[in-house]
Amino acid sequence: MKLITAIVKPFVLEDVKGALEQIGVLGMTVSEVQGYGRQKGHTEVYRGAEYSVDFVPKVRVEVVADDTNADKVVDAVVEAARTGKIGDGKVWVTPVETVVRVRTGERGSDAV
Amino acid sequence: MLDTGDTAWMLASTALVLLMTPGLALFYGGMVRSKSVLNMMMMSLSSIGLIGILWALYGYSIAFGNDVGGGLLGNPFEFAGLRGLFVGDYGADPATFPMSGTIPALVFVGFQATFAIITVALISGAVADRLRFGPWLLFAGLWATIVYFPVAHWVFAFSDDESGVVGGWIANDLAALDFAGGTAVHINAGSAALALALVVGKRRGWPREPMRPHNLTLVMLGAGLLWFGWFGFNAGSALGANGTAAFALVNTILATCAAMLGWLITERVRDGKPTSLGAASGIVAGLVAITPSCASVSPLGGIAIGLIAGVLCALAVGLKFRFGYDDSLDVVGVHLVGGLIGTVLIGFFADPGSPAAVAGLFYGGGVDQLWRQVVGAVAVLVYSFVVSLVLAYIVKAIVGLRVTPEEEATGIDEIEHAETGYDFSSHRAVSGLSGQRPEPAAEAVPAAAGKEA
Amino acid sequence: MLDTGDTAWMLASTALVLLMTPGLALFYGGMVRSKSVLNMMMMSLSSIGLIGILWALYGYSIAFGNDVGGGLLGNPFEFAGLRGLFVGDYGADPATFPMSGTIPALVFVGFQATFAIITVALISGAVADRLRFGPWLLFAGLWATIVYFPVAHWVFAFSDDESGVVGGWIANDLAALDFAGGTAVHINAGSAALALALVVGKRRGWPREPMRPHNLTLVMLGAGLLWFGWFGFNAGSALGANGTAAFALVNTILATCAAMLGWLITERVRDGKPTSLGAASGIVAGLVAITPSCASVSPLGGIAIGLIAGVLCALAVGLKFRFGYDDSLDVVGVHLVGGLIGTVLIGFFADPGSPAAVAGLFYGGGVDQLWRQVVGAVAVLVYSFVVSLVLAYIVKAIVGLRVTPEEEATGIDEIEHAETGYDFSSHRAVSGLSGQRPEPAAEAVPAAAGKEA
Amino acid sequence: MLDTGDTAWMLASTALVLLMTPGLALFYGGMVRSKSVLNMMMMSLSSIGLIGILWALYGYSIAFGNDVGGGLLGNPFEFAGLRGLFVGDYGADPATFPMSGTIPALVFVGFQATFAIITVALISGAVADRLRFGPWLLFAGLWATIVYFPVAHWVFAFSDDESGVVGGWIANDLAALDFAGGTAVHINAGSAALALALVVGKRRGWPREPMRPHNLTLVMLGAGLLWFGWFGFNAGSALGANGTAAFALVNTILATCAAMLGWLITERVRDGKPTSLGAASGIVAGLVAITPSCASVSPLGGIAIGLIAGVLCALAVGLKFRFGYDDSLDVVGVHLVGGLIGTVLIGFFADPGSPAAVAGLFYGGGVDQLWRQVVGAVAVLVYSFVVSLVLAYIVKAIVGLRVTPEEEATGIDEIEHAETGYDFSSHRAVSGLSGQRPEPAAEAVPAAAGKEA
Amino acid sequence: MKLITAIVKPFVLEDVKGALEQIGVLGMTVSEVQGYGRQKGHTEVYRGAEYSVDFVPKVRVEVVADDTNADKVVDAVVEAARTGKIGDGKVWVTPVETVVRVRTGERGSDAV
Amino acid sequence: MKLITAIVKPFVLEDVKGALEQIGVLGMTVSEVQGYGRQKGHTEVYRGAEYSVDFVPKVRVEVVADDTNADKVVDAVVEAARTGKIGDGKVWVTPVETVVRVRTGERGSDAV
C-alpha cells in the first residue's frame, strides 16, 4: 500500500476531490497547512507597521491506496491541482506497511 | 420653546441610530467568508465618515433647505456647512439658538445625519467580496448626493405654513405616510443595491460555489444592536418624548417579534429547520416593514404587518437564485421587499385611532391612502434604481469596480486593506521587520502590501 | 399629565432592557462549546419573538389587568390585544390617550414586555446543548403564561385607591419590597431553571467530561451589554427620571463593582487565580442581587449586598457538582441564589433614608420587613419550582425534550438548526448545489438537513 | 429644582459612558494576540470594579469636595462613602434630596464615576501581554487616588459663588477650556501610559517579532461601542438636555467622521492601503480630540480638529518605533497626542458663537486662550507622567510587575487567569476530573493552575 | 521504528489516549483533520440555500514506536476507536528510518 | 528522497525556518498540532471547576529532501529547535518514493 500526500492550493480541493472520485477513490483525509516555498507571501500593515506573512495557506490531501493505484492517484491529483502558477504544490508517495479499517478490522486493500 | 424631555429623547435617539451602522457592519460582516469580513465592515464604517461630512457640507441643506422647485430639492446653500444652525447665546435664559420644534436644530441635524449614513451603508450588502474600496467610496458619495439627499427631501421635509418653509412632494403634495423611512431609507437602499449588484456582477463561482456565513455570532450580535438602535430610528422619528413615540416603540417591538416568528415558521416548513440566521433576518425584515408604518397601525396591525413581512422576505431571498443576480446579503430580499410591504400595507392597515389618524382599506378608508402609498413607493424605487444604475456605470467607466479574479480568490481583505480578520494560531505565521521603514522604503511597501508575489 | 422627561427616560429604558436579551444570548452563547453556540443564542432570541407576542395578546392583561381574586391574577381579557391602551387623539393638546402615571400607557406596556422576555430567556442557561428547540418554545410559552404573567401580577401590580384598581398580593397585601424583580424575575427564573434541568437531565458525559467555554470574549461582551441594559431595568423601574431613578442608578453601579471584586477575591483564594469568567459572573451576580434592593438600601448598603452576593454566588455555582444536577450555565447559582440574597438582605439593610423609606433590622426596623421579604421570596420560589416541574414533565410527555446522544455528540446546532457557528477555514469544506431547489425537492431537504447519513 | 428632561439625559449618559469601558476592553482585546485577550479585557473590567468602589469611598469627595487649598484637592472626607448625598424624602413633592443643578446629586456622582473608571482603563493599553494582574490592580488603585481624583478636581470642579463652594485651579483660576476631559482623561491617561510602559519595559521580542491583532472584528465592535458611549461622555458633559448638549453632539459626530477619513487618507498615502484598524483608530483619535473642544468650536471647526487629529495620530503611532518604547496599543499616539491636539487647538478654533463663547486666535481672540490651554495641558501631562513614574517604580519594588519570559511566551491568559480565550476545536483538548475538589485538594489546584509542569 | 497514523472520530480521542497509556506509550501527536469517505456529511441551510458539507471532522493521532511495539499500538488504537459505526476511521503504519529527540539528540528507541 | 517530519515548540518556528534556509532548503510545510508526552499540560479553572489540559500546542514542520540532504536537514532542525527543556519535540525521517511538483510535473530532486 502507498500513502499519497498532496500539498495543494485551498481552492483546488473540490477539483481534486472530483478527480479522485473519477478514478474510484472512495476516501481521503484533508487538513489545513501553511506552505513556504518559491511562492512568496504578502505584506500586511497595522498602524503603519509592516508584517510580512511568509506562509501561504495550503491544503494537505492524504490518500492511502493500493500499490497498483498509487500512480493513478498521483496523476489525478497533479492533473486536478495544476493551475500552472507558482505555488501549485507537491505530491509525494510513501510506502505503507499496513492499513486497518477501525470499524471492521479489515486490513490491506479491503481497508480503504 | 425648548423641551428638555423631548431633547433628551432625541439626543439618545441620535446615539441609538448612529450605533445602527456599526451594528450593520457586524450583521453583514458575519455573513461573508472570513477572508472578506474586514472589507464588508469597512464599507459600513466608511459610510459614517464620508456621509457624515457630506451631510454637514450640503446634505442637510439639500434635504431640509427650503424647496427650490416642485418639492424635488431643498436649497443646497441655505444651510451649507450648517451655517445659521448653531450660533446663538447658549448662556441666556431662555437661550437663543435655532430650534426645530421643541428641540435644538442641531439635534435634528445630527439625528437626520444618522439616517443618511445607514441608508448608504445598507447598499454595501449587495456587493460583498468583490467591490474595490475606492470605487465604493466614490459611488457612496455620488449616490448620497444625487439620490439620498433629494429623496430625503421628498419624504422627510414637511412644509410649514407659519414659517413659509416648503418641503418635499411625497410628504406634502402626495401625502403618502412614511413615518421613519420605509421609502427614503429601505426601498431606496434596496433598489440601489439591486442596480449596483447588476453592474458589479456575480462573485466568482456564485451560485455554484457555496459561500456560507463565517461567524453567525456576529450576525446575531449585529441584529441585536440593530433592533436596539431602531428604537431611536422609529420612536425617535416622533421628534419628541410623546405619545406618538410610545406608539411607535410598541409597534417596533411587536412587529419585529412577529416577523422573527414568521421567518422561522417559513424555514421550518420549507427547509425543515428554523435557523439562527433566519431569526436574525426576520428581526431585520420586521424592523424594515414597521419603519414606515409604526405610527399609523394598531399594535395588532403591527403584528400582522410583521408576520407578513417575515414570511414574504423569507421567500424573497430566494429570488436572486431564480433571476441570477448576486445580491450577496439580500438587501433586495429584505430591505426592498420589506420596505415595499411596510409602505404599501399602510394602505390596508392604517388605523384612524393611531397618531397618523388615517383610515386604511380595512378601516373603511377605501383605496385613497393605498394609492398614495403605492405611488410614493414606486417613485422612490424607480428613481433610485435608474440613477444608481447610471452612477454605477459611470464609476465603472472611470475607475473600474472589481478586484481581479485572482485577488477575489485570495480574499479582498488582504488585497484592499492589507489585513487579516482573525489570527488564532499558536505560532507566528508572520515575521520580518516590524515597525515603520524610513519614508522612502515605506513608499515601496504599498506596492507590495497585500499583493501575492 | 404627560411628563416628557419621565417619558424620555422610560423610552430609553425600554430599549435598554430589550437589549439585555441579545446580551444574555452572547453571555450564555460564549460559555457553551462551539457546536452549541447557535442553539444557546436561539433560545434567548426566540424568547423575544414568542413572549413579545404573548405579552400583547394576554400577558400584559394577566399581569396588570384589574385583580380577579386574591391578588393572584389580573383580568386576562381587560387589555387583551392591548385594547383600550392606544386609541386617542395624539394631535390634541394636551393629547388624549391612556396614561400610566406621567408616561403613556404604551411605554409601560413596552417596558414591562422586556421584563417578561428576559425572565424566560434566563431559564435557558440550565439546559444548554441538549434541549430540542420545539420543546423549548412550547415550555417557554406555557411557563410565561402560567408562571411569569401571574407572578408579575403578584409583585409588580400595585393597587391604586383613586382608580380603584386592585393589584397583586406580594406588592400590596404582603408589602414585600422588590423594586425591579428579584423575586418575579430572578428567583422565578432560577427556580424554573432548576426544575427544567432536573427533568431534562444531565448532558452526555457531564460532569466527567469537561465542557469549557468556547469564546470568553463573547461572555465578557454579553456581561457588558447586560450591565448597560440593567440601568434601564433598575433605574427604569422608577418609572420616571427622578431621585429614585438616580438612587437606583448609583446602587446599580456600586453593588455590581463590589460583586465583581467579591467573586474575583473568592477565586483568588480558592482557585489561586482570578478569572475573566469570574469577573463577568460577578457582574451578573451583583446586578441580580441589587435588582430588588436598589431603591431601599444606601450606597454603602448596596456595596455590602454586592460583595456578599459576589462571594456567595461564587461558592454557590459549585453546588451542582455536589448535588449532581446539570444546571449548565449556573442559572441557579447566580440568579436563584443572587435573587434570594438581594431580596432577603433588604430585611437587614433597608435604609429609612432611601426612596423605599423602610427600616431593616440593622436600622432598628426589627424583623418586620425581613419576614415579608422571606415570605415573598419563598412563595415565588416554591410556586415557580412546582409548576415548572409539572410543565416540564407535560412537555416531555407530549413531544419529548432531548436530542439523541448521537445528535448531542454531533452538536445541537447542526441537528436543530442545520447551521455551524463559525467557519474560519481557508478552503471550502462545503460544496454541492447552493440555491433553493424546486419546492418538492426542497421538501426533501429538510429530511436530510443536519442529519448524519 | 429637578428637571426631568435633564435628569433623563444624564441617566442615559451615565449608562452610555459606563458602556465605554467594556467597549474599550473589546477595542484593546482584539488588538493583542489571542493568548493575551482575556488579560487585556480584564484590565479594563477590573478598573470598573475597583475604581467604582474607590470613587464612592473617597474619590468623589477628593474630586468634588470643597477645595482644601490652592484648587489642588477637594476635601476627602466631605462626601466620604457618599454621605450626605442621598438621604432625603423622595416621596415628598417637591422631593427633598441633594441636587446638583437641575439633576439629583447622585446622578452626577454616577456620571463622574464612569469618567474615573475609563481613564484608568485607558492606561492598560500600554502594557499588554506582560503586566501581572495583581500589580495592575495595585497601580490602578494608587494612580486613581493620587493622580486622577485630584486632577479631576483641577479640571471638572467649578467654583460656585452662591454656595461658596471652591473648585479646581485649571477650571477656575486658569480658566482653560476642557469641556469633557481632554486633559483630565486623555492627556492624563496617555501620559501615565507612557510612564508605565517605560518602567514595565518592552514585550519579549518587540519590535523584531511582529504581534498582529488577533481579532479585528472585536476592534471594530469596540470602536463602535466607544463612539456610541462617547455621546454620553461629550453631550452628557452639558449636564442637561440643552443646546450645549446638542452642540457637543453634532461635533462628536463630525469631528469623528473627519478623523476617520484623515487616518485612512494618511494610510493610503503612506502605506498604500486604508485599513480597518486605521478606521477604528481614526474614530477614537477624533473622539479624543473633540472631547475637550466639542462645546467651543463650530461644526466646521470640529471637522478641522478631527481631520488634524486623524492625520497626526496616524503619524504619531509610529513614534514608539523611533524611540523604542513599547506602548503596545498606542495609548500615547492616540490619547496623549489626540488629547493635546484637541486641547491646544481650542486656542485657535474657539468660536465666540459657541456655548463656550470664547474667541480663539482664528476668531480674533489673540493668544490669550491659547496659552491657558497650553498651560493646562502641560500641567496635567507633567504631573501625571512624574507621579505615574514614581508609582510604577514603587509597585515594581514592592511586588514586581512582569510575568517571566517563559510565562510571556506561554501566554498571560493561561498564567494569570488560568483560562483560554477561544476553543473552536472539534475534539476535547481538555480532560480530567471536572468539578470542585474538596477544599484541601482545591487548595492544591491554585498551585498547579495555569502553571507549566 | 514505525509511524502509526490513526484517523479517528474526535470524541474517541480520550479513549485512544487512555488505551495507549495502558500499553506504556508515553507520547503522541494529535491534529484536527477533515475526513471524506463512506460516512456522508450533512446539509446546512442558510436563508433557504442548501450547503452540503461533505467533510466530517476527524482527529489524526500519530505515534512513533519500536518495530516490536507497532502492532500493539495498532491494536490498542483500533480497539479503543471502534464504535462499529461507519466513519470509525483508518489506521496505517509507515516505516521510520530515524527518530531524534530534539532536547537530547537521542536517536531510535531512546528518542520516544 | 526522504520526508523529514519535526514536531517542535511553536515559538522556535522562525529559527527552524532560518536554519533551513541556511542550508539551502527552499520549501517546507507547516501545520498546527497538539502534543502529548513528558511535558505536562496545565490546569484551567472555570467557575471553580478544574480542567486539566493535557495537550500542548506544537508545530509540525515537514520537509521533503534528497537522501543526501536528509541528515543535514535533521541536524539543522534539531539544532534550531533545541531549548534543552522538556517538550522540545521529535524529528523523524521516512522514505519517500516519488515527489512531483504539481506545477511542472517534475519528479524527484527537481521537484523540491
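Brief remarks on what is shown
The letters A, B, C, D, E and F name the chains in turn, as written, and every chain counts its residues from 1.
We adopt the following convention: a contact is a pair of C-beta atoms (placed from the backbone, for glycine too) under 8 Å apart; a residue touches a chain by one contact, two chains touch by 3 or more.
Labels paired with UniProt names: A, E, F = Nitrogen regulatory protein P-II; B, C, D = Ammonium transporter.
Just so it is clear, the structure is predicted and the values come from calculations on it, not from any experiment.
Counting C-beta pairs in contact across A-B and across B-E shows that the higher total falls to A-B.
At the interface between chain A and chain F, under half of the residue numbers involved are used by both copies, so each side presents largely different positions.
Annotation: the D-F interface is duplicated by A-B among the options A-B, B-E or A-D, judged by over half of the residue-numbered contact pairs being identical.
Rounded to a whole number, the gap between the C-alpha centres of chain C (Ammonium transporter) and chain D (Ammonium transporter) is 32 angstrom. Chain C (Ammonium transporter) and chain F have Cα centroids separated by 51 Å. The residues of chain A that reach two or more other chains are 11, 14, 17, 30-32, 34, 44-46, 48-51, 54-55, 94-95, listed in rising order. Contacts with at least two other chains are made by residues 3-6, 8-9, 12, 207, 209-210, 212-213, 215, 221, 241, 270-273, 275, 277, 318, 321, 418-420, 422, 424, 426, 428, 430-436, 442, 445, 449-450 of chain B (Ammonium transporter).
If you sketch which chains touch which, every chain touches every other chain without exception.
Touching chain C (Ammonium transporter) in their complex are the following residues of chain A: 10-11, 13-14, 17, 30, 32, 57, 59.
Chain E makes touch with chain F in their complex at residues 1, 3, 17, 26-31, 64, 94-103, 105, 111-112.
Within the complex, the chain A residues that touch chain B (Ammonium transporter) are 11, 14, 34, 39-46, 48-55. Those residues of chain D (Ammonium transporter) that touch chain B (Ammonium transporter) in the shared complex are 3-6, 8-9, 12, 16, 33-35, 206-217, 220-221, 223-225, 227-228, 231-232, 235, 240-247, 249-250, 253-254, 256-258, 260-261, 264, 270-277, 279-280, 282-283, 298-300, 303, 318, 321, 353-355, 357, 422, 424.
Those residues of chain F that touch chain C (Ammonium transporter) in the shared complex are 44-51.
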